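Structure incoming, see below.
Naming follows writing order (A, B, C, D, E and F), and every chain is counted from residue 1.
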Amino acid sequence: MSKPEKFIEDGIRLDGRKFDELRPIKFEVGVLNRADGSCYLEMGGNKVVAAVYGPREVHPRHMQKSTTAIVRYKYNMASFSVEDRKRPGPDRRSSEVSKVSRQALEPVIFVEKYPRSAIDIFVEVLQADAGTRAAGINAASVALADAGIPMKSLVSACAVGKVDDTLVLDLNKDEDNYGQADMPVAVTQNGNITLLQMDGHLTSDEFKIGLEMAKKGCADIYQMQKAALMAKFSKSAEAESNE
Amino acid sequence: MSNEIMSELRKDYIYNLAIKEERVDGRGFKDYRELVIETGIINKAEGSARVRLGKTEVVVGVKIQPGTPFPDTPDKGVIITSLELIPLASPEFESGPPREDAIELARVVDRGIRESGSIDLSKLCVEAGEKVWMVFIDVHVLDDGGNIMDAASLGAIAALLTAKLPAERYGLGTDADLPMRDVPVAVTAALIGGAIVLDPSIEEEAVAGTRMTVISNQEGALSGMQKSGTAPLTTEQMNYIVDIAIEKAKEIREKFLEI
Amino acid sequence: MSNEIMSELRKDYIYNLAIKEERVDGRGFKDYRELVIETGIINKAEGSARVRLGKTEVVVGVKIQPGTPFPDTPDKGVIITSLELIPLASPEFESGPPREDAIELARVVDRGIRESGSIDLSKLCVEAGEKVWMVFIDVHVLDDGGNIMDAASLGAIAALLTAKLPAERYGLGTDADLPMRDVPVAVTAALIGGAIVLDPSIEEEAVAGTRMTVISNQEGALSGMQKSGTAPLTTEQMNYIVDIAIEKAKEIREKFLEI
Amino acid sequence: MSKPEKFIEDGIRLDGRKFDELRPIKFEVGVLNRADGSCYLEMGGNKVVAAVYGPREVHPRHMQKSTTAIVRYKYNMASFSVEDRKRPGPDRRSSEVSKVSRQALEPVIFVEKYPRSAIDIFVEVLQADAGTRAAGINAASVALADAGIPMKSLVSACAVGKVDDTLVLDLNKDEDNYGQADMPVAVTQNGNITLLQMDGHLTSDEFKIGLEMAKKGCADIYQMQKAALMAKFSKSAEAESNE
Amino acid sequence: MSNEIMSELRKDYIYNLAIKEERVDGRGFKDYRELVIETGIINKAEGSARVRLGKTEVVVGVKIQPGTPFPDTPDKGVIITSLELIPLASPEFESGPPREDAIELARVVDRGIRESGSIDLSKLCVEAGEKVWMVFIDVHVLDDGGNIMDAASLGAIAALLTAKLPAERYGLGTDADLPMRDVPVAVTAALIGGAIVLDPSIEEEAVAGTRMTVISNQEGALSGMQKSGTAPLTTEQMNYIVDIAIEKAKEIREKFLEI
Amino acid sequence: MSKPEKFIEDGIRLDGRKFDELRPIKFEVGVLNRADGSCYLEMGGNKVVAAVYGPREVHPRHMQKSTTAIVRYKYNMASFSVEDRKRPGPDRRSSEVSKVSRQALEPVIFVEKYPRSAIDIFVEVLQADAGTRAAGINAASVALADAGIPMKSLVSACAVGKVDDTLVLDLNKDEDNYGQADMPVAVTQNGNITLLQMDGHLTSDEFKIGLEMAKKGCADIYQMQKAALMAKFSKSAEAESNE
């Protein structure tokens, strides 16, 4: 698709959303058998799977920390997740995304409970549609809870951006490709910021308003994360009481 | 009691069950686990499939784009099959470039498709020596519950059967189905003690001395075989496996009529 | 007394200073260390700069040569930014391919230049779809005294501002300055306890829970941001950092008028 | 060479062999000084060298097994071994060949005699002419014996294939390139199958007949392996008694 | 008695022999071990040779194919020399990409051929700037009995002297010999204590402080030198080595008349 | 630049030097803060930085030697140091240069004083103009002394070459590119040779004369190295006595 003439008409975006509206979101908890915790997430056209292993032994040994667990995060895009086939394997972008995503989640994990061990988070993007790092963090946060990792809070993430000189929540692919700014944000349930990146052009005022919009979006996602976990746990509890 | 001892006891248990002609999940020796195939799940891919085989899950995406043919086959399309055993799918898989096991799986899936002639590669030529269609088959293993080989192989075929040549996108005519001619099906047997079981689960794989994959086509002929593992097989065992694999493949192939 | 204990005491000291609104080297919270920028130091490079920011030193070289544009931007030049944290610069850096930290630094420097539109890439097109200028920005870190991010970013801009398109060498017209439109300046703040300080030294980085880099352009608007580190920031802290970073960037931008 | 019109005329193959005839084979035992055991083999146009080191210490340590030796097998084709220069270094094919070849030999080695140690097998293909994996296994099996590694049996390998709808033993390069099927097989001296791969198209009956042909070929190769080892040992014994 | 102590005693023994002007295998200081050169042993290669130098064995294969010249030498053929120290050849060699020692060996062999002008590269040009002959020299070390350098160098020259340009295969005229102009010969000396010996065996290499390779051409002039090892050499030692190496090279060059 | 017609006219080289004259040389000692010792060197158009770390712990551990320190040397050319951008990262040339440079310096270091430890030398070439390996060794030798590593001697290095059938000292880029021979030499202060390589064509007599020229050049460089170190130490001493 080439650049549309207008992204917003009569206050409505090309995909029918209002400027501060998230795309449809669907969480599924505990979708994998081998992982200690897992989550499948659809967020707009994004389809991601997150898996958590741990706390477990650290290999190689010299990466161990004597007083805390180490947290590792591996974000990967499937080669078929994008229009033009992506070469398999890590690249510079996935390396950066993995780093900031890890740092978005690490502050809510009680790492001091598991010295010398590792908590491994794997995120696979099966289909990409702008906002994959936010989707990955949302899924990973739920997968951590599903794995029973003690956490101070869930972490919720979404991006705010600018198209047609207007701030909009949760950019889709075209808004991302042709927009003026993209700012992914992750927050704890208290609204503390654990990830913030910005590309593009924003005035200082736009930044401040945009940050509030993103936080509002994250708060909505947090409710969905909680609901998905509740549903899983009540189902498990039910299953157990039926045994 | 430590995990290691538990696991040894569990192995003995499975082993002894096999002697009694039983399996830990109650299946008969020739039974497959529940098989669910969904297609068209990734809309950025030209073809895609999700296969659930018991607790095993793989997603296969097919990307198709124009490229240059190999010098020795200037008038034929190209198939490239990749498979990684990513650590998301099992605590036993490690990060990094694909290792032996992943390479073997990818190559066997690839040969099954290639050698059975299931894709008519000569119809994937756009301009001889210059431009042909490149078909990238990427197998993404999400959950290793055992017998990735068959799940991957089924997923690859399902994704190919539903894939479209994106000709319009590249200004090369109208979109079309891939020229599929056959539906090869891989059936894997495992040797546990003296017993031969089909579709081994991850627990069964742990005690199996060897696995034997037999790929057969819709005429019931063989289009690929691979022994994997250190336990030897007698000629009788080998011939028996070939016979039951061909039979089982026919049964599984029915699944594809539903796609 | 062991080095580890010394180092822990040192960290406590810096931490406690911050509570008292002091810094170990006597600077105010918003003060930068001494900044020296020299340009034109490598005559084999089309542009170059050496930046000394306190005890930190980086050398940036810009090489420019003709190349093929990316398919999705056929009429635009290409910027490629590299940065390695070589073990010459710190006992903590290791040999081998660039790791996470180096990749992050390179990508943030790159985005600051790219997203601010500081180079008019459309003027780097020689022949649409065929030939454009490739601008390679290589950041060589020689001494890690802290805040490599700002030093690298300043060095990259200084090298670009003084770079020449080597058109004559490639028979593509007469040499010219790069088409620069803006001077983005990266300002990095660190959170030490509850205190926010600019331009953290290596000792301060060791105790900082998080760093926040804010890149702003000559209009005082934002052209890039990156949070790095695990400590969360409140909205108030974030907004405060943006305000002081924009202010400080104006001050630093003056330096470039001297180049 | 382009595809010949016919591969078999009057029951005779293009290189003069009958359908069930092996190519000429020559074993030389103990050809290397540094290796603990070695073997040079010419099998048709294939020229391979196999070397065995071990049992010896395992590096890196974490690969050690506490109750058995580990067996490692590295198959490599020299860049000049084929018509079009091969890029040096391992590729996906050599990785698979190494794996199946290791598994072809491992069952005959008394690995439980050498816990925590490694038995390393290296096979270099100096000239390739179809059937290099079988040639490698034949040479490696002899090199293991030459190194004094305790074995239950030798392992012998050859391929059976199909050309002109006819099953033939030990394919040469053209038969392999243009043939209808290729099935390398390795067996112990009791005829138990330790390697079997098949590419191409075979009916179930063809498979069964082909397997018998391959086993027959392996039995012949086994005799040559034994003879080569006997010759080496009697020569060594003689040398010793003359000292 | 442990292997380590044995080996130390063995080293002392060799060292003390050298003082008495003796060598462990009875050779004089300037004697080479038995040298056997066979050519034409790999029929898939355009040139090939097997060299046995005492207990050392190398196989060299030369592949020749058309390719693109380097931009700075558009009218010259290309030589690319590779050498790997594969673990088949010695318990001390490891798998993986070539390391320092292998790279050094390959580069010295390469320079010997290149710098001596032994191949007339301008005659390997097919079409200036477009197509030249690429000569790949691959040295395969099979058995490391010491002095791989000279064996590799001799093998490379022997393989080149018997190589054919495969012009017919690529439709570029009739097959021809490579345009060889000189036969450079590498002679390696080792310093053991104060003694200088030629063609060190593997045992001698283990005690030698340094090795010095001198490559000379048929006029008796030098076309390459490489000191390898940490022991310094005096000017007198260096000049002596050059003199005896040139003398010995003449003797060895006779071998090639037999090819 | 294309090949000049003549390199020497009336006994004077194109850059104005006599046949046995070094290019201008400038040493700066202790230029880096993090390294234990460092040196910046300009030698003609070459600009190199050397840093020394150690004696320090060895990683990975298995590289430790129980009776001596290991010496490691990493020579690297910045991608912008040459006319045509160099791909970043190690290549075969830098690997060989690192090896011979390490061996040029190792014999003067008292490695037996620091068993189980590492002495790491890093040389970065910021601008290259022929003779970078000699420049690197000269700078590294001074950086070792600056780091306080006990040494038997400094090591000094320069090249001798041949242009217009004439031996010349310390080749510049054009003399190197179009010359007939290039011979880098490194010597201890007693004139013992720790590095010698030669490319090109020299008669045996030319070699002997050239070696003497190179040794003379090295002796001059040694004086400059010593002076630079003296200046640094007297400045440090002064600074200390002023405290």
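The definition used in the following text is that a residue touches a chain if its C-beta (ideal position, glycine included) is under 8 Å from a C-beta of that chain, and two chains touch if they have at least 3 such contacts.
Everything numeric here is computed off the predicted structure, so don't read it as measured data.
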item: Shared chain contacts [chain A and chain D, defined touch]; value: B
item: Interface copy of B-D among C-F, A-C or A-B, judged by whether over half of the contact pairs recur; value: A-C
item: Centroid distance [mean C-alpha coordinates] between chain D and chain C, Å; value: 58
item: Separation of mean Cα positions, chain E and chain D [Å, integer]; value: 31
item: Distance between chain centroids, defined by C-alpha means - chain E, chain F (Å); value: 27
item: Residues of chain B whose C-beta touches two or more other chains; value: none
item: Chain-level touch network, classified as line, ring, star, complete or other; value: ring
item: Chains listed in ring sequence, where chain A comes first and chain B follows it; value: A, B, D, E, F, C
item: Chain C residues touching chain A - in the complex, by the definition given at the top; value: 99-101, 103-104, 106-107, 111, 115-117, 212, 217, 220-235, 238-239, 242-243, 246
item: Contact footprint of chain B on chain A as seen in their complex; value: 32-35, 45, 47, 49, 51, 53, 56, 74, 76, 78-85, 88-89, 120, 122, 124, 126-128
item: Residue ranges of chain B in contact with chain A within the complex; value: 41-45, 48, 55, 57, 59, 61-63, 65, 82, 84, 86-91, 95, 97, 136, 138, 140, 142-145
item: Chain C-facing residues of chain A, complex; value: 92-93, 95-96, 98-100, 103, 106-107, 183, 188, 191-204, 207-208, 211-212, 215
